[in-house]
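Right after this note come the structures.
The two complexes that follow have subunit A in common; it is paired with subunit B in the first and with subunit C in the second.
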Partner chain A sequence: MKNRSKLKDILFTIAFPVLTWAVMELLCLIFKDKHVIATALDIKTVIRNTGITAVTAYALSFNLKEGRFDLSLGSQRMAGTIIGGLLAMALGLSGLWLLVFAVVFGFIFGILTGLAFISLRVPPMVLGVGMALIWEVVPYVISGGKGLNLFGVEGMGILTESWFQILVVVIMAVLVYILMNYTRLGYETKAVQGSQLIARNSGINIFRHAVECYALAGALVCIAGVLDVSFSTQMASGLGNTSNGVVTANMFAMILGGYIGERTDASVGILDAALTLTIFKYGLSLMEFSDPVNSVVNMLIFIGFLVFQANRHKAALGRARKARIELAQKRKAEMAAA
Partner chain B sequence: MNEKKKANPIRKILESRLFSQIMPVGLLVILTVIFGIATKGRLTSAASLKIIVEQALVVATVSTGGAFIFASGNVSLSLGATTVLTATLSLLAYNKTGSIAVMFIVAIGLGVILMTVSALLSTALGVRVMYVTIVMMTLLSALQQAILGGSTVSLPYEVVQKLVKGGVMYIGFIVFFIVCVVLFHMTDIGRSLRFIGTNNLCAEQTGISKAKYLLIAFIIAGVGCGIGAILAIIRGGSVGTSTLPSLNMDCMLALVLGGMSIFGGSKSYVYSGVVGALTVVVLNQGLLMIGVDATIIQAIRGIAFLTLVTVSQVRPKGLPAPEG
Partner chain C sequence: MKKIIALLLAVVMVFGLAACGGTSADNGSGTESGTESGTATGLDLSVHHKVGVATVHEGEAWEIAKTYLETVVGPTFNMEFIYSEVLHDANGLIAFMEQCYAAGCDGIVNLVTSNDAIAQGAHKAEEWGMWFTTQNSAWVEEVSTLEHNIGQCGASPESVGEAYKMAFKQILSDGQPHSVVLFEGAAVGGDKGQGAASHFYSAVGVLEAFQETYGLTYDKPIADLVNQQDPGEVNTGNPDVHIYLYPGRNPGDAVTALLPVLQTGNYDCFAAVFSYAAFTNAIADVEQSTGKDIKVIATGQIEQQTKTGFESKDPTGDTVLNGAILNDLSLACAINCIELMHAYSGDVASMKDNGKTVLLGVRSYPILGADVYAKMEKINTAPELYILTSEDLIALAQPGVTWQDLEAKLAEVADVNTLLSSKGL
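Right, the complex of A and B next:
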């Protein structure tokens, strides 16, 4: 029985962003004579980027937890956000409606991808590549290749408000927490995570469950898209399977969040990891690391973390093996003495 | 339970070895004939066919190497990023030294090193192949952007001409292809990889080391990426961040169109990459020539890809297993 105190777990969770901030603060002071977070704008940027990273990681987690990597998630994000945005603008509605429409379209694209998965039954990554090629075309054709441009559009101000962004992210975190801990979906996710075959044999409808995961992922990733476009005011309609970069870049937050969440909950862990990585990236950009270099550093650390994740059980296994041998030797000695 | 299943004759034909061997070549011929007629012979003119072959060479080379990985039931999404980064660094090596030989050595050496790193991350360090391939794809693309910034690196025009006239593109591809055919169809390497792709567990229990053969597959794919990088340099004359953006997808599409099962195994053929690459180019060029919008072509490629993947596999009763 593990008997960790709650306080220890909370400290472990807090340690990630706090230590990252401390290290980056030190580096920024030494090399650039700057603070990582010095102005209200810095706080706003960190909040927004944390929100985008966290919501994208939540979206990824619905499928990735069960071993499915949906490579079309980026195209769903692009399609849902652009179509939702264009519709809201055409109807003269506010930013809130843009968010609602984007979520609805994301949900629809997610359902369609999920239905394709359970119908064709090809490996998720392969399906994702094919679906991305198809989904990328949809916003391109609808927007005439122009994508979405919110610059100067009235009524979109609410999307840029920090309180609104925090509210959206907190609602998403609570929603994911409830979904994963108190609903049938969460129960089924844990079962499928263990073994898809056993889950199916025990009566779980794995097909319906997969479609639900795809649908929720599609809806969530479009929220991240809206948060992103609210700041940049533009979203280009890219082709050639280029849409997924923004999603794969957030995979680290999902994996790190899963690790941190072992002590608390995955929804808390992902939010914590998103904040940690945002502070880290923000610190690097303050030290004038270009975006690609920032990406390289992040990916190298991610690889290091994956290696750690894949091998961390080995030390415990070694200790258990040693203890077993010692016990056997002791027993043998006792039997010999008797 | 002793249920007798009635074999669906269409399914039986689709799953037969002969069909998987004939179908890709047949598809290529049918597409060429259809587009040849639709374009009133423009597609099948000597000049067009030469362009089609030259366009297909890079994808054919990289996917021929990639066939070794796919045969083992694994999917690599970092072939494109590896090729482009290799092309960038080998061109920089040429600019530094002025030596074609150095450029060739750097290209092949770097292709092998990058793919070996990918292989070792999963075989020696235990990281899931799915994560490795995605992370490497992102890392290598970012690395290329970090090196180049917004600029491009070029090979002098006279050097490009010398290499084109010397037939380096064709020689490079043909030599690599012949070596791959021998390794894949006439040695233990190909047999073992196909066995691993057919039944991983059974292969390991008969003494085949999955880690060893996966490493070999990645090394061969790395050589393919290196040669593909050289061909891309010769064909384009320069490399930038927007060079070959869809190479990965094209390679996967080529392998599937060429008759390779996405699950690997016994129905894997090393020539799939070549037949498939030609089919991809004929499809693209043919559709363009009859006036289909380039945007719509992308959707058609997506639909064709998913249709062929679905047709070429035995539909599982449940959902595909977690990995991949």
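Right, the complex of A and C next:
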């Protein structure tokens, strides 16, 4: 029975990307006479975009699932990636070191943001806006406003290799899985998700926990930044809170991943959701819609899913209510008969 | 300890937020040191002027232009510049102008390009008595008669189109059928002041080059093709020639969308009106996969990235960048500041045509080889190698110099060979 249930869960998980691919394949064949995945390069693109989406969604999930929406995450991504990249280039080191430096800086920016949160006790979104403005200035000043430009820089090739990107994403998925299931952090996360007050009263140091979440989110989001900049070659150092859009765009993957992960695990669910959404977006681009139309379609589906999420328990609740009423009526009838 | 950390973080936040504002330390009230128009008082370089620069640019090319403003234009004209963050719309421009007014600026160089922003900015400048000059490729008639709106200067859209046309005609001149994918940026509506005029005319230039070379029969007028919102292949009437247009402002999305198009192997040319470097990895992947060389012609600036493009090799052994249409931000900034100096001298009438602002066009430089770029890259690297030197600036700011003289100067420096030889390169 248990094996049967596990099989159902696995099929449920696989169904999302497979069905999405099937629908988009059908639409692309009918309207454009094209395949969604036709060449090895298509696979490479899907792997890259899935990796960036998944890692960003992991980063978002550390705080957002506990009710803290960190609006400075995009600026941490920008600051960590640009500073890490500039340092690696200045030292003449390879792309691997760029990744390491970016993670270290992302971790530091995350810790500082977390410390600001527990010290100032400002609501996370408000704090996020302020911290974003500060972190955006750091790479701007360091790079002289130029941002990071990897175009033509030797030694960065490894970052665009598919095997490397798969390796990074798999390591991240495994790391998140272990952190969330076999460590104190995971235990505390579940407790805080349930009730922060109860978690605190039961002895959990929720402030230390928050800093840990901010730090991990900062490190992870910088990995996504590195994967992104390695292909696009450039990351501008924008000011005025312009850095967060790229992160919030991945919120759908996080929320869908949470839903899929109910049957397996959030780490698997997010990866699965990232793959699903990447295939969906890739299909849309093959349909040759303009950027605004693509955005509208994506957001409509996102909102539709949120509506589903908010109402999906209603049917079950209705059934339970009906059963309760029937039971009460039956009991009343029995008592009347007696 | 917690309180100390909180205090420190609060201080960091306050200073950080202040740094974001982009204002100078001086918070004096607005001044009206600009001389009212009508009576020329002569060029007086002893009067210090504060000028707000509202920018939409960031990156290396913009930093080069800022260096020019700081090291050549500022000292020459006794000007101090206050720069904005990257602005996106009229609201951002007005907010920045308010800061500038409070900081005592008497002039604004506006690089925010939407008609709406220009109109609102010009009206505000009029209200506050600040001189207002804009860097944009499209003329905004609505505010052209306002007293404090001095003029407009920007990349001449027609010249960008001509440069693209020339560059592509050279590539297409081998008698072989060629096909192109064109990332046309904000071209849609560019002829109506809604998008970017330079992007619009770039796309028109490419389409005209193909039409004239192969005798193509498009199913719509070229302007209508460029103004299509959705990406897609143009009906060329020639099965051997494919043209794919992709309008969009986000290079990241465009790379993902254009990869499958390039992978069809139908295209051997790629043009990008901005951010071409974002496509280079994708193009290299396609070249590696198909074994087919893809020629890249793109809009760029005189900067390291363009040099790298001309010097790096793609997987087929060709250079990554085969042609660059160079726009020089520094030159346009200089013209804006010259216009301001005329306003400060009470000579604003000479910058206008019968009381209306004039659009001065900075020509683009088509560079079709690494050898030419090797010389061109030396431009803007030393005070005497800027297109307009300190002596040029003073000469052009003299009362009596008219907008026709500025236009003549721009035409004089428009030819690559003439420019290079005038600088001894």
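Just so it is clear, the second predicted complex is superposed on the first by the 334 of 338 C-alpha atoms of A that agree within 3 Å, B and C clash if a C-alpha of one lies under 4 Å from a C-alpha of the other, contacts with A are read in each partner's own complex, and residues count from 1 in each chain.
Throughout what follows, a residue touches a chain if its C-beta (ideal position, glycine included) is under 8 Å from a C-beta of that chain, and two chains touch if they have at least 3 such contacts.
As the structure is a computational prediction, the values presented were derived from the model and not from experiment.
The superposition on subunit A brings subunit B into a clash with subunit C.
Contacts of A:F151 after superposition on the shared chain: subunit C is touched, whereas subunit B is not.
By the touch criterion defined above, A:L7 lies against neither subunit B nor subunit C after alignment on the C-alpha atoms of chain A. Applying the stated contact rule after C-alpha superposition, one finds that A:G245 touches subunit B and leaves subunit C untouched.
When the shared chain is aligned, no partner comes close enough to touch A:A337: not subunit B, not subunit C. Contacts of A:A315 after superposition on the shared chain: neither subunit B nor subunit C is touched.
By the touch criterion defined above, A:A90 reaches neither subunit B nor subunit C. Legend: residue contacts after superposition of the two complexes on their common chain; A:I30 is shown touching neither subunit B nor subunit C.
In the superposition on chain A, A:R68 contacts subunit B only, with no contact to subunit C.
Using the contact criterion defined above for the overlaid structures, shared-chain residue A:T45 touches subunit C, although it does not reach subunit B. Once both structures are placed on chain A, subunit A residues 116, 120, 130-131, 133-134, 136-137, 145, 239-240, 242, 290-293 are touched by subunit B and, in the other complex, by subunit C. Taken together, the subunit B residues at the contact with subunit A in this complex read 75, 77, 121, 125-128, 130-132, 134-135, 137-139, 141-143, 145-146, 149, 245-246, 248-249, 252, 262-263, 295-296, 298-299, 301-303, 305-306, 309-310, 313, 315-316, 318-324. Across the complex, subunit B is touched by residues 66-69, 71, 116-118, 120-127, 129-134, 136-137, 140-141, 145, 196-197, 200, 206-207, 210, 239-242, 245, 248-249, 251, 255, 290-293, 295-296, 299-300, 302-303, 306-307, 309-311 of subunit A.
Across the complex, subunit C meets subunit A through its residues 2, 5-6, 9-10, 12-13, 16-17, 19-20, 22, 58-60, 62-63, 66, 85-86, 92, 229-232, 247-257, 259-260, 263, 275, 277-278, 280-282, 285-286, 289, 304-305, 308-309, 311-312, 320. Across the complex, subunit A meets subunit C through its residues 34, 38-42, 44-45, 49, 112, 115-116, 119-120, 130-131, 133-134, 136-137, 144-147, 149, 151-152, 160, 228, 231-234, 236-240, 242, 281-282, 285-286, 288-294.
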